[in-house]
Structure formats: structure tokens, C-alpha cells
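Questions regarding the structure given below will be posed in turn.
Chain nomenclature is as follows: A, B, C and D, assigned in order of appearance, with residue numbering initiated at 1 for each chain independently.
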Amino acid sequence: MDAKEIIARRVALEVRDGMLVNLGIGLPSMVANYLTPEVDVFFQAENGVIGLGSRPPEGMEDPELTDAGGAFVTAVPGAASIDSAMSFGLIRGGHLDMTVLGGLQVDARGYLANWMVPGRMVPGMGGAMDLVAGARRVIVAMLHTARGTPKIVPECSLPLTAVRRVSLIVTELAVIEPTDAGLMLRETGPGVTVDEVRDATAAELVIAGDVPEMLLAGVPPGPPA
Amino acid sequence: MIPEGAILHIGGFMGVGSPHRLIDALVERGVGGFTVVANDTAMPGTGIGKMISAGMVARAIVSHIGLNPETQAKMIAGEIEVELVPQGTLVERIRAAGVGLGGVLTATGIGTLVEEGKQVVELDGRRYLLETPIRADFALIAASRADYKGNLEYHLTAHNFNPIMAMAADVVIAEPKEILPVGAIPPDAVKTPATLVDHLLERAH
Amino acid sequence: MDAKEIIARRVALEVRDGMLVNLGIGLPSMVANYLTPEVDVFFQAENGVIGLGSRPPEGMEDPELTDAGGAFVTAVPGAASIDSAMSFGLIRGGHLDMTVLGGLQVDARGYLANWMVPGRMVPGMGGAMDLVAGARRVIVAMLHTARGTPKIVPECSLPLTAVRRVSLIVTELAVIEPTDAGLMLRETGPGVTVDEVRDATAAELVIAGDVPEMLLAGVPPGPPA
Amino acid sequence: MIPEGAILHIGGFMGVGSPHRLIDALVERGVGGFTVVANDTAMPGTGIGKMISAGMVARAIVSHIGLNPETQAKMIAGEIEVELVPQGTLVERIRAAGVGLGGVLTATGIGTLVEEGKQVVELDGRRYLLETPIRADFALIAASRADYKGNLEYHLTAHNFNPIMAMAADVVIAEPKEILPVGAIPPDAVKTPATLVDHLLERAH
């Protein structure tokens, strides 16, 4: 199982019945593949649909039904079209139960940086600042390091996305919860030791008692979405 | 009709729900120096991306330019001034212009680069950015269906910024896929009332 | 012709082709009866419809199609249902070309008072404050006096509706335009002299040259709406 | 479910588009002390007017009470506290609560009694009132049709405050005229997405 699949499967366990969930493009979008069938959720794409479905079969694409990354999608029964004011009204207004985003850095305060690398890459924040400021739960789903460099750092050197503490950090090596007491190491990745997590993390980790290995959601019931 | 240097609201999200025929006509005519307010600059060869390539955009007020390397390159080269605005803030700023609010308070962007140069208002112990309206000279929007009065419907993720921009410009030009007789769109289905729309241009088939 | 009909007919001449117009309940609503058929306008009812039509025939009422006074109405072809946020977005945002409202007092500054009489009658402002603050043109349509007491006064004694100067005051005795130079007497009512207007007005009137008698719109083409 | 003293958003305009069955059930149950946020208090014997008559309303935040002499009488007698809010400001304050804005700036009410006790913000030489969000514990709203997930449609002038209130309360209870299978309402026709609605109560026929 590759690193991204581990992360997506672990995050999938955070999704609860009845939630409205926004998955960022890339790695976070893989989470939808690992939900258990009993979990009934609505996915939001911030460009304008609640009730995002899987990819359409080839030839069945609707050019006016896409996700926030511009990919063709379908809509589930009970879906709703929304404009950008309603979409971000839901996000900012606390109606979004969970957002899963990628990250460039997360720091000891639980602050996320994920929208620009000054002088090198300036994609813009898109909806990320609203999502981190407004969603009830903010989950950062990212690889633990970038080409060997830790992404969990004492203080973000990159511009922040928000000064709100994220709810949970899920990587292939660990599940970490930012708290008042610091970054709590809650779980380790499959076959990963606490020391290995520490070595790959630049910020200090708080470890209380035995740290269990992370559980992972099962394989998807159907073909991948 | 649209003069050099105008401020334009242009609907669409990565080109979906953009007024492609209007954009093509502008590119063909070749005037420029525009300030473009939009969610993004799409991709090279698509929608607003064509205007970027043609060098018609002097300033872009957008939330995202990540999928258009030309915008990034021109920004770094100093050829385009780019103001990045969080997407939810951008739509509320446009809405504020449309509905006559002097501004809105949002927590989005507090403590980030977005805060720079902005007024911060503290209310009940929470800090908010005071975000001001963004009005345009022209709104160029796409719709699914219109009637001849100008009532508009939108389809799925092609809504995005279009209904909001339809309120926030001096002149609103809508590009529906088809134009129907008056009365064909039931009152409850109208998302942009005709009174807001100045001109209709049916999309080429 | 009674006083109210004179006022309604004179105001009807202010309505231009292509306008979006909001008529207040009572006297202002009579204006719709005197429009010439060539004038194509949309009437807004701020409770939620653009394209207000005439009263429905008996038995054809829709309990969910009413005007701001709660009366049953119809909708013209091309009408649109709107919620209160859109309705007042149109009003506040300058999309409403003209509003016609009743008045308790208008003063020399052109300020209107029309929403309460302290200690005696407190109906509330409803949409009046937004209408007066937001509409492009604000026309006050009212009887010139209330039981002999002038309603056009040096300074409103009743609580103001807005501190914005109204565009025009139309009564059965006069058409008066508030300007930087004061209240300009633009027209007199049918058979009314300038002195008669002055006698019925507590505020000072500015009179420049000959004051013409007001024109009035014709009789309605069909049965009254 | 709704406790004594709760803050309630109640949809409707002079009773049109009000959740009549929910109101009747509340009146029958007899708890009270509510703060009611609504456009108006309707007329005696209609909608919210029944709650006024039953003495269940301790405080009303409304734009208009002109057609309900009981509200005026109880206000003068000190039995009901009434806060009068301009209609357009009222709907924006409710919306602000729903969409997570800290407040909005409006010129409506400047220089009038509405200004009293409110913060004034000057921006580019214009003065605006800073109007703050109004959130409720419960929103009681009426709709025309719902599906079993809770997606809502509204009809003609029965929209009014309902779609906005559906965003601005901890618990949203919607009273549609009929409830349809999921999928029966096309995505473009949905005006309140199901995710906002907690409970559905079909109107008695």
C-alpha cells in the first residue's frame, strides 16, 4: 500500500454519517474511495455542487458538471446546484462538517501553510483560506516529508493559510492532533515506530502513554471513483 | 462597446460557466488594458486564459492562478498586476457591490498576507477584516437559458460567480445557450431577474 | 376627479419605459392604473416578486402570490420570484429605478418621515428605510395636508425615514422638487393657484418664473387593476 | 423539542410563507418566552399573530407590526419588547449569521432612530451602520416541496425570509406542502440544500 493510500484510508475513518464534507483536489480527493457503504454523506465541491458523485463513464461527461479541480464528475440523487455565494456561505457559516486539504507545512501551533511559496509558486489561495477558517473540522492530509524535509515544523516559514488550529494531521507515518499542550502523537503509521515519526518531524511531538498503530478503512466496494 | 481599460466581472470557474463567445469576440477585437475580476484565469487557450495570452489584462483580481502558468509568468515579469483574494471573500465583495453594502466583515484571511493594508474590526472579542465592495463597469456572464426579457437560468456547476456578478456592474451582458419566449421560464426558476440584464448574446452552437 | 386620483395620474407620468418600480401600499399603488400602454415596466413587490400584475379575478387567487400589503396579485409573463435578500439587494444596490411612497411629513431639506408617530402609532419601517436610502428616484405621493395641517414643513418633527433628499413630492396641489436651493415649486394642481399652494405649505417654497399647471395621465385603458 | 425562551427565526410575510402547522403546534403546546425574529407579526389569528395573542412572545425582532394591533398594544403595555429593524437590514443580519460574516455595513438607517447605539463606520467619506448577525436556536420555515433528504423549493412570494433563515439557526425545521422521493427535485431547482435542514414536517392538507 503506498503512502497516499494509507493517508486516504485513515482519513476515510474520520468521515461520519450525515456529514457535509469538502475534499481538496489531489490526495484529499482519494478519501472518497475508501468510505464504508453505510456512511451516508454529501460531498461539496466549492465550485458549485453539493452531492458530488464519482467520475462519469467515458462519453457521459457533462461539461457543466465539474469539481473544483475542473475534472468531470457526477451528481448523486438529492444533489443541489449552488452558486459561489451559497457555496462559501456554507463554508464560512459553519455548515461544512469537515474539510480535507493538502499542506505544505503545519506547525507546532497547528497552523497550516498551503497556498504559496514566495518567489517560486503562487497558485493563490482559491477557497483554502475560507475552508480552514470556516469548516467545523479541518483535516490536513499530506505526506509527512517533502523529499526528506519535514513538513511538520516548529513555525511555518511559508505564508499561513489561517491562524486557526487545524483539527488533525494525517500522514503516512502518523496521526497528530494539535492541542493546547502541543502536537499530540495519536497514532503511528503501519509498521512505523514512534522514533521514526520523531525523526521525520521538525516540531516537538507530545507523546502520552502507548501510541497505537493507525486503523485503516477497507478496500473500496466498487471500482475506484 | 467595451472600452480600453474597463473593469470587467467575468463569470466562470476554470472556464466552466464562462461567456466564451463574448471572450472570443473581445480577443478578436483586440482592445485591452482591462482589470479582470474573476475566480481564476483558467488555463492557456481556455476562457479568460485567452485574454491573458493576448496581453489584454493589465490587472487581475482573482482567487487562483495555479492552472495558468502564463498568468504566473506575466505576474513575475511585472506585466500583470495580480491581487489574490480568498474565493469566499471575493464573491462577498462582488455581492456587496451588487446589493449596496458598504462592506462585510469576515474572519477569512485574519493573520495572513490577506490582512495587509486592510482595516481590522474587533467585535465581541473576535477580529474581522473589513472587506470592501468590488464593482465593475461590465459583467460578462454565461447562463443556460434566457427569455427575451433577460430572465436567466443556470446549470449545475456553471452557476459559480455568474448570478452574483449579474448584480454588480453598470452594464450586464449575458450569454445564454438559448433564448426562449417570455413566459417560458417560470417565475420560481428565474435566478437572475431580467431587470438586471442589459444585453443578451446567444452562444454560437 | 378626487385628490388621490390627481396624485396617482401625475406620478404615472414619471414612470418611464424599462424601469423597475416599487409602489407603496395605499395611494402609491393607484399609480399602476394610469400608466400608458406603451410604457413597459416591471413592478416589484418587496415581499418577493418582480413583474407584479393586476388583481386576479375572483376565485383565481393564489395564496402564495401577494403584494407587500398582503393583497392577492397576479404575475406578468417574464415575472421572477425572489427571496427577501435578493429583493432588498435590488433596492439597496441601486437596481430599483423608482419608488413611490406615502408620507407623513417632508421637510425643507427634502427629508421624509413616514414610519411612526411616537407614542401613538408605531407600525415600523418595514422596507421604507431601504427604499428611500436605495432607490434611484424617490417620489413621495401624498395629500398636501392632513386634516388642514401642512405635511410639508420646515423640519420634520416625526422620526425620519432617511437623511437622503427625496427626488419629488407630488400632492393634489403641487409638484415640488427638493433641491440645493430649497423646495422648488414645479407645477400646481388643476385649478390651483401658487398662493393656494403657499397657504397649505408650512415650509418655504422657491418659485422661479411661471409655474405651469400639472399634466395628468389619461384614464386607464381597461378596468382598474 | 423547542424549549421555553428559545430564539426562533420564523419565515413568512404577513403570514404568507409561514410554517402554519409548526406555529399551531407551538401554540397548542403552550411554552413561551420566545424571542421571535421575523419580518412581521402578521395579523391576529394568522401565523405569528397567534403566538402574539397567546402571550408566547417575550421579544420580537421585526420590521413591521402595523397590521397587528395586539403587538402594538402589548408593546405599549410593556408585555412584549419590540426591536424594529429595516427589512433589508433584517434579512442581511440573518444572512450574515448564516454565512459566517461578522457583520455588514449599510447606509440604511443612517441619521434615523435605527442608528442609536450602533457603531458607525466611515469609508471613502460615506457613513455606514455596522449591523451585526442575528442567529437563532431554531428556524421554523415553510417550503413548497421537499425531498426526503431535505432539499427545498419555494413558490412565488412564499420565498421571502425562508431560504435565508434556513442558513442561520442551530436547528432548522422545514414545513413543506409535500415531500417527494430523493431525486425528484432537480439539482438546479433546489433553493435550500438538504444539508441545511434538520427536520421535515409535512403541512396538513
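Here is the rule we go by: a residue touches a chain if its C-beta (ideal position, glycine included) is under 8 Å from a C-beta of that chain, and two chains touch if they have at least 3 such contacts.
In this text the structure is predicted, and so the values were computed from the model without any measurement.
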Task: Given subunit B and subunit C, the chains that contact each of them - done: D
Task: Far-end chain from subunit D, centres as C-alpha averages - done: A
Task: Distance from subunit D to subunit C - Cα centre to Cα centre, in angstrom - done: 28
Task: CA centroid of subunit A to CA centroid of subunit D, Å - done: 35
TODO: Give, as an integer number of Å, the spacing between the C-alpha centres of subunit C and subunit A.
DONE: 56
Open item on the list: By the touch rule stated above, which residues of subunit C touch at least two different other chains?
Closed with: 49, 75, 81-82, 85, 88-89, 91-92, 134
Open item on the list: If I count partner chains per residue in subunit D, which residues reach a count of at least 2?
Closed with: 92, 95, 99-101, 106-107, 154-156, 187-188
Open item on the list: If I apply the definition of touch given earlier, which pairs of chains qualify?
Closed with: A-B, A-D, B-C, B-D, C-D
Open item on the list: Quick check: in the complex, which residue numbers of subunit D touch subunit A?
Closed with: 95, 97-101, 147, 149, 151, 167-168, 182-183, 187-188, 190, 193-196
TODO: Mind listing the subunit B positions that touch subunit A in their complex?
DONE: 13-17, 39-40, 62-67, 72, 75, 82, 84, 86-89, 91-92, 95, 106-114, 144, 154-164, 191
Task: Interfacial residue positions of subunit B with respect to subunit D in the complex - done: 92, 96, 99-107, 121, 123, 126, 128, 130, 132, 153-156, 187-189
Task: Touch list for subunit C against partner subunit D, complex - done: 45-49, 62-70, 75, 81-85, 87-89, 91-92, 121-130, 133-134, 159-163
TODO: Write out the stretch or stretches of subunit A touching subunit D in their complex.
DONE: 20, 42, 49-51, 75, 77-82, 85-86, 88-95, 134
